[in-house]
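I've put the structures underneath this note.
Both complexes shown next keep chain A, but they swap its partner, so chain B is in the first and chain C is in the second.
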Partner chain A sequence: MESAVGFENLSCHFGEIRAVGNVSFEVKKGEFFAMLGPSGSGKSTCLRLIAGFQKPTSGRIKILGEDVALIPPYRRKVNIVFQDYALFPHMNVSENVAYGLLIKGVSKPDRVKAVDQALDMVRLSGYGRRKPNQLSGGQRQRVALARALVNKPEILLLDEPLGALDLKLREQMQEELKDLHRELGITFILVTHDQGEAMSMADRVAVFSEGKIAQLGTPENLYKYPQSPFIASFVGSSNVLSPEFVDFLTGRKRWASLRSEAISLVGATDESAQVTGTILSNIYLGSSYRITVDAQGQRLRVLIPAGCLLPVEGETVGLSWSGSDFHLMEDELT
Partner chain B sequence: MQSSAKTGASIGLKFSVLAGLLFLHLPVLLIFLYAFTTEEKSYQFPPPGLTFKWLAVTWGRQDVWEALGLSLKVASIAAIIGVLLGALCAAAISRSRFFGREVISLLVILPIALPGIVTGIALRSAFSLAEIPFSFWTIILGHATFCVVVVYNNAIARFRRTHGSLIEASMDLGANSFQTLRYVILPNIATALVAGGMLAFALSFDEVIVTTFTSGQQTTLPIWMLEELVRPRQRPVTNVVAMVVVLVTFLPILGAYYLIREDESDRNTR
Partner chain C sequence: MSTLLSLRSNPVLNWLSDLFWRRPRILLLIMLALPVLWLGVVYVGSLLALLVQSFFSIDEFTGVIQYEFTLKTYLELLRPSNLDIIIRTVTMATVVTVAAVVIAFPIAYYATRYARGKWKAFFYIAVMMPLWSSYLVKVYAWKLILAKEGIINWIFIKMHLTSVLEFLLAVPVIGGNSLSVSYIGTCLVFLYVWLPFMILPIQAALERVPSNVIEASYDLGATPRQTFFRVIFPLAMPGVIAGSIFTFSLTLGDYIIPQIVGSSRLFLGQAVYLHQGTAGNIPLAAAFSVVPIFIMGCYLWLAKRAGAFDAI
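Presenting the complex of A and B:
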C-alpha cells in the first residue's frame, strides 16, 4: 500500500513548550485516518504540520513520498476544512468554492461547472448566491467541504469538522463524510477530540497524549486491547481494572481492561462467577441497562440488555466473563 | 408617580436633552444664518435682511479659492499617507508578535493623545533643526501624524475580527501572499480603511493648531478663516466659507459612520 503521509521522528516546539515530540507514523493512501486526543495533545499541530502552516523543529514529513520541508502551504496537494470553516465573509458561496480554481487560473466556464458539481456533491445546489452569514452551521460546514474538494486534493484534512454542530447534525454529517470518503477514494485525515467520531468513521486511529502517540490501531483494536489506562478510559466504555484488583484475580500486578458488555451477571454462588460484588446502581439507557457493581473495592460497569431480570440495589451478585475478553495492558507499572 | 417616572415622566429630562442639543448646535445654525445677512460689519440680531449675494462674492474671491484648494490637497495627501502607513502598521501589530510591539502600538496612538500645540511646537523645532523649509509638505507631515492614528485604530479593530484562519484558508487553496492580500485581506479591511481615510481627511481639513506651527506662507482654509475673524473685510464671506467647511468635513464623517455601522451589523449576523 502506498503512503499518503509519513512522519519520521517529528518534533515541533513552540519556544520551550513541546507540542509534538518525536512522532513517527504513516497514513496509507485512500485511508480514513483519525488523530484523536484531548486538547493540547498535539493532534492539531500534526494537522497543521501536514498543511504546512507549522514548521517542524526536527524530523521529516513526507506527502505522497516527497519530503515537503521546503514546500509552502499553497503548493501542497492537500486541502483543509477548518474548525471554524474560515469561509471568506465577503464572497458568496459560489465564489468561496471557486476560489481555489480562480487562483489556479481555471477558465470561467470550467469553474462554474466544477463549482456546481461540488455544491451538488454536498447537497447545496441553489445556494451559490448566498453569503456565508446567511447559512446555518451545517450548511457552512458543507461549503467548507465543497471548497476543499473542488480542488481535487489527494489528501483532505479535517480539523474538528463537526465540533460546532449539534448532536443530530453531527451524526448525519459523520455518515455523509464516510460516504464521501468511499465515493472519492482519497485520503481523509481527521482531527477530533470526540472518540465516538473517530471510532465510527476512521479506518485507523492514532490516539495522542502529551505530544506523543499513545496507541495507533483500528478502532476495534483500540477498543478491545487498550495499551494503557489512558487509552482505555479515553476510548470508551471499557472498565479499567486497577493493579490491585487484577492482582486479586490473577496474581499479576498489572492494569487490565474489561468491556462492560463482556461481563454477565450470575448468581453469587454460581460456579462460573469469577468474583462477587454489590449492586450500586442501575440506569436505564433505552436498549440496555448500565449497572454499577462494587467488587473488592473496584467499580465495574456492566451493560445488560433491557428485558433481562434486573438485580436490585444492594443485592450481591456474581460476575462472569470469558478469559479472552479480559485484557492485560502492556504498560509496565511505574 | 412611580409608573410615570418609569415610562418617561421625563418631560424635565426631555427638556434638558433638547436644551443641551440646542446649546450645542444653535451657534452653528447662527453661522449659517449670518452667511445670508445683509449687514456686513457686525453680528446684529435679528439680521436686518437676507441675501444670497455673499455666495457670489465668495465665489469671486481668489484668496478663498486658493485656501480651499490648498486644504483639499493637504487633507487628501495626508489621508492617503495615513491610510498607507496606518494599514501597514495595523497589519504588523495584529499579525505578528515581536519585541517592542506594545511600545510601537502606544507610540503610534500617542500623537492623538498629545495636545496639538505640543505636536506643533515639536514639529516646528524639529523642522528648524533639520533645516527643512516650511512648505506645503511640512503641513502634510504635521497632519499625517494624526491621520495615521485614525486609520490605524480603524484597521486594527478590523484585523482583530478577521480570523487568522482566513489567511491560512487562502494559502491552503493555493494563493500566494500577494493573491491572498488582493482577494482576501484587502476586501475584508477595505471599508475600515475607507472609513479611516474619510475621518483622517475631515480631521486634516479643519486642523488649525498643528498647521499654524508647520506652515510657511501657505494659508489653509481654517487658517484663512482665523485671519478673517481677526481682520475682517466682508464678514459674511467667512460664514459662507464656514458652511462649506461644515459640509466638506461633515459628509465624510457621516459616510465613515455608516460604512463602519453597516459593516458591523453585517458581521454581527454572521
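Presenting the complex of A and C:
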C-alpha cells in the first residue's frame, strides 16, 4: 500500500530538550493511525511536524512520497483539527468553514455549496450565522472538523480532538469520526493520551514514550503482546507481573503481562490453580467485580462477572489462567 | 456555641465582616461611593456645565454672556476661520493616528510574538521611558532637534541631502522655513509623544490572539500576508481602536505642541485656550470643546458599526 506519511530517523529538539528522538515510522494511505502517549511524550510534536508548524532538527518527513522539510504549512495537503478547535473568533461558522476555500480563490457560489455540504456532514446545518462563542464544545469541535474537511485534504490530523468533551459526547464523536473515516477513505492521524480512544478508533497505534516509539502495532497486538511494562500498564488493564513473580512461576526472570479478565478464581487446593493468593479487596463495577489478590507479594487484579460467588476479604483462593494468555515481554532484564 | 464559631477578639470587626459577608452589596456601595461621587459631580458635572455654556452666547458689543438658550455659538463654529481650525486639527489627528498605527504595529507584533524574558522587559522599558520625563521637556527638546541649527538639519547637510529636506519644506501647507515651524514637525512631535499610547493597547490585543488561530490559518492554506490581513489584524482591531482613541483625542485636545512646534496657525485646543482666556468668550470656547467629544462619539459609533469590537 502507498505511504501517506513517512518519518525517517527524525529528531526534533527545542534548545536542550529533545522532544522527538530518532523516530521512524510509516502511515499507510487511507489508514486510521493513532499516536498514543502520556503528555510530553513527543506525539503532539510529531503531529506538528507533519502539519509543518515545527521544523525537524534532523531526519526526513515525507508526505505522499515527497520530502516536505522545506515546505511551509500553507502549501501542504494536510489539514488539522486542533485540541481547542482554534476557530476564528471574529468569523461566524460559515466564514470559518469557508476560510480555506476563500484563500484558494473558490468562487462564492461554489463556496456556499461546499460549506453547506460540510456543515451538513457534521450535522450543523442552520448554524452558519452563529459565532463560535455561541456554540457548545461539541458543536465547535464539529465546526473545526468541517473547516478542515471542506478542503478535501489527503490527510486529516486530529490533535486530541475530543479531549475537551464530556464522556458521553466523546463516545458519540468517536463513532462519528470512525464513520467519517470509512466514508471519506482518507488518512486520519489521531493524537491522544486516552488509550481507550486510540484502541477503539485506530487501525494501528504508535505508543510514544519520552520522544520515542515504544511500540507500534494493531490495538489487539498491543493489548495482547505488550513489549514492555510501560506498554502493558499504559495500554490496558493488564496485570504487569514482576520478574520475581515470573521467576517463581516459570523460572525465567522476565517481565510478563496477564489480562485481568483472563484470570479465573478457583479453590485454593484445586489442581488447576497455578498459584494461591489472599483476597485484598473486591470492588463493584456494575457488570463485574474487580478483585485484588495478593500472591507471593505480587498484586493481581481479577475481573469476575457480577452474579458469581464472591470471595470475602482475607480468604485464600487459587488463581488459574490458560498459558496462551500469559505473555512474557521481550525486554530482557538489565 | 463557642465550639462552633471561630471568632476574633474584636466584636465590632466580627459584626462588620459578618455583615459584609451576608450583604456584599453594602461593601460594594461603601467602596464605590467616593469614586462615583467624584466621577458624577466633578467629572460629569463639569462636562455638563461645559455643554450648557456652549448653548449660551456672547453679546458682540458689550462682551457680556447672555444666559439664554441659543444655537448661535454653534453657528459661529461654521465661520470659515473657525471651520479651518477644526479641519486642520482633525486632519492632523488623522495623520498622526494612521502613522502611529503603521509604526506601532510592527513594534507591538515583535514584542508579542518574538520578545521573551529580558527582551520583553527591555521592550516595556523602552516604550514607557519617554512617559517618565516631562512632556514639556520633550516638546522643547524636539523644537531644538527640528530647528534649523538642530541635529536633523545637520545630518541632512552632512549626508549632502539638503535638497531633499528643502524639497520637503517647499511643499505648500505642510512645509515651512524649517521643520520646527512646519506641520511636518508638529506631526513628528505628536507622533513621538503619543506613540506609547498606541503600542501598548495593540500589544495587549495581540497578546490575546492565540497562536493556534494563526497556525490554523496557515494550515488552511493562507500565506503569512493573507493570515495577517484576514486573522491577525482583525483580531488586533480592538487594540488599534483603543490606541487610536488615545492618539486621536489627545491630538484633538492638545494646545501646547502646536504652540511650540509648528506654524502659528491655531489648533482646536489653542482656540479653546484663547477664547476662554483673553477673549473671554466662554460660550465659544465651550462649543469648541464639544467638537472633539462629538468627533470621538462619531468615530466610536462608526468603528462599532464596522465590527471593530466583534472580536472582544
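Convention: the second predicted complex is superposed on the first by the 334 of 334 C-alpha atoms of A that agree within 3 Å, B and C clash if a C-alpha of one lies under 4 Å from a C-alpha of the other, contacts with A are read in each partner's own complex, and residues count from 1 in each chain.
The definition used in the following text is that a contact is a pair of C-beta atoms (placed from the backbone, for glycine too) under 8 Å apart; a residue touches a chain by one contact, two chains touch by 3 or more.
In this text, all values refer to a predicted model and were calculated from it rather than measured experimentally.
In the three-chain model built by superposing on chain A, chain B clashes with chain C.
When the shared chain is aligned, chain B comes close enough to touch A:N133, but chain C does not.
Of the two partner chains placed around the shared chain by superposition, neither chain B nor chain C is touched by A:C308.
Contacts of A:A69 after superposition: neither chain B nor chain C is touched. Of the two partner chains placed around the shared chain by superposition, neither chain B nor chain C is touched by A:I283. With chain A used to align the two structures, chain B clashes with chain C at 133-141, while the other stretches in 7-15, 133-141 or 169-177 stay clear.
Comparing the two interfaces of chain A, the one with chain B and the one with chain C have residues 51-53, 72-75, 78-80, 82, 84, 86-90, 99-100, 103-104, 147-148, 151 in common. Looking at the complex, you find that chain A touches chain B at residues 51-53, 72-75, 78-80, 82-84, 86-90, 99-100, 102-104, 132-133, 147-148, 151.
On the side of chain A, the complex with chain C involves touching residues 51-53, 72-75, 78-80, 82, 84, 86-90, 99-100, 103-104, 131, 147-148, 151. The residues of chain C lying in touch with chain A in their complex are 210, 212-213, 215-223, 226, 230-231, 234-235, 307, 310-311. Within the complex, the chain B residues that touch chain A are 163, 165-166, 168-176, 179, 183-184, 187-188, 266-267, 269-270.
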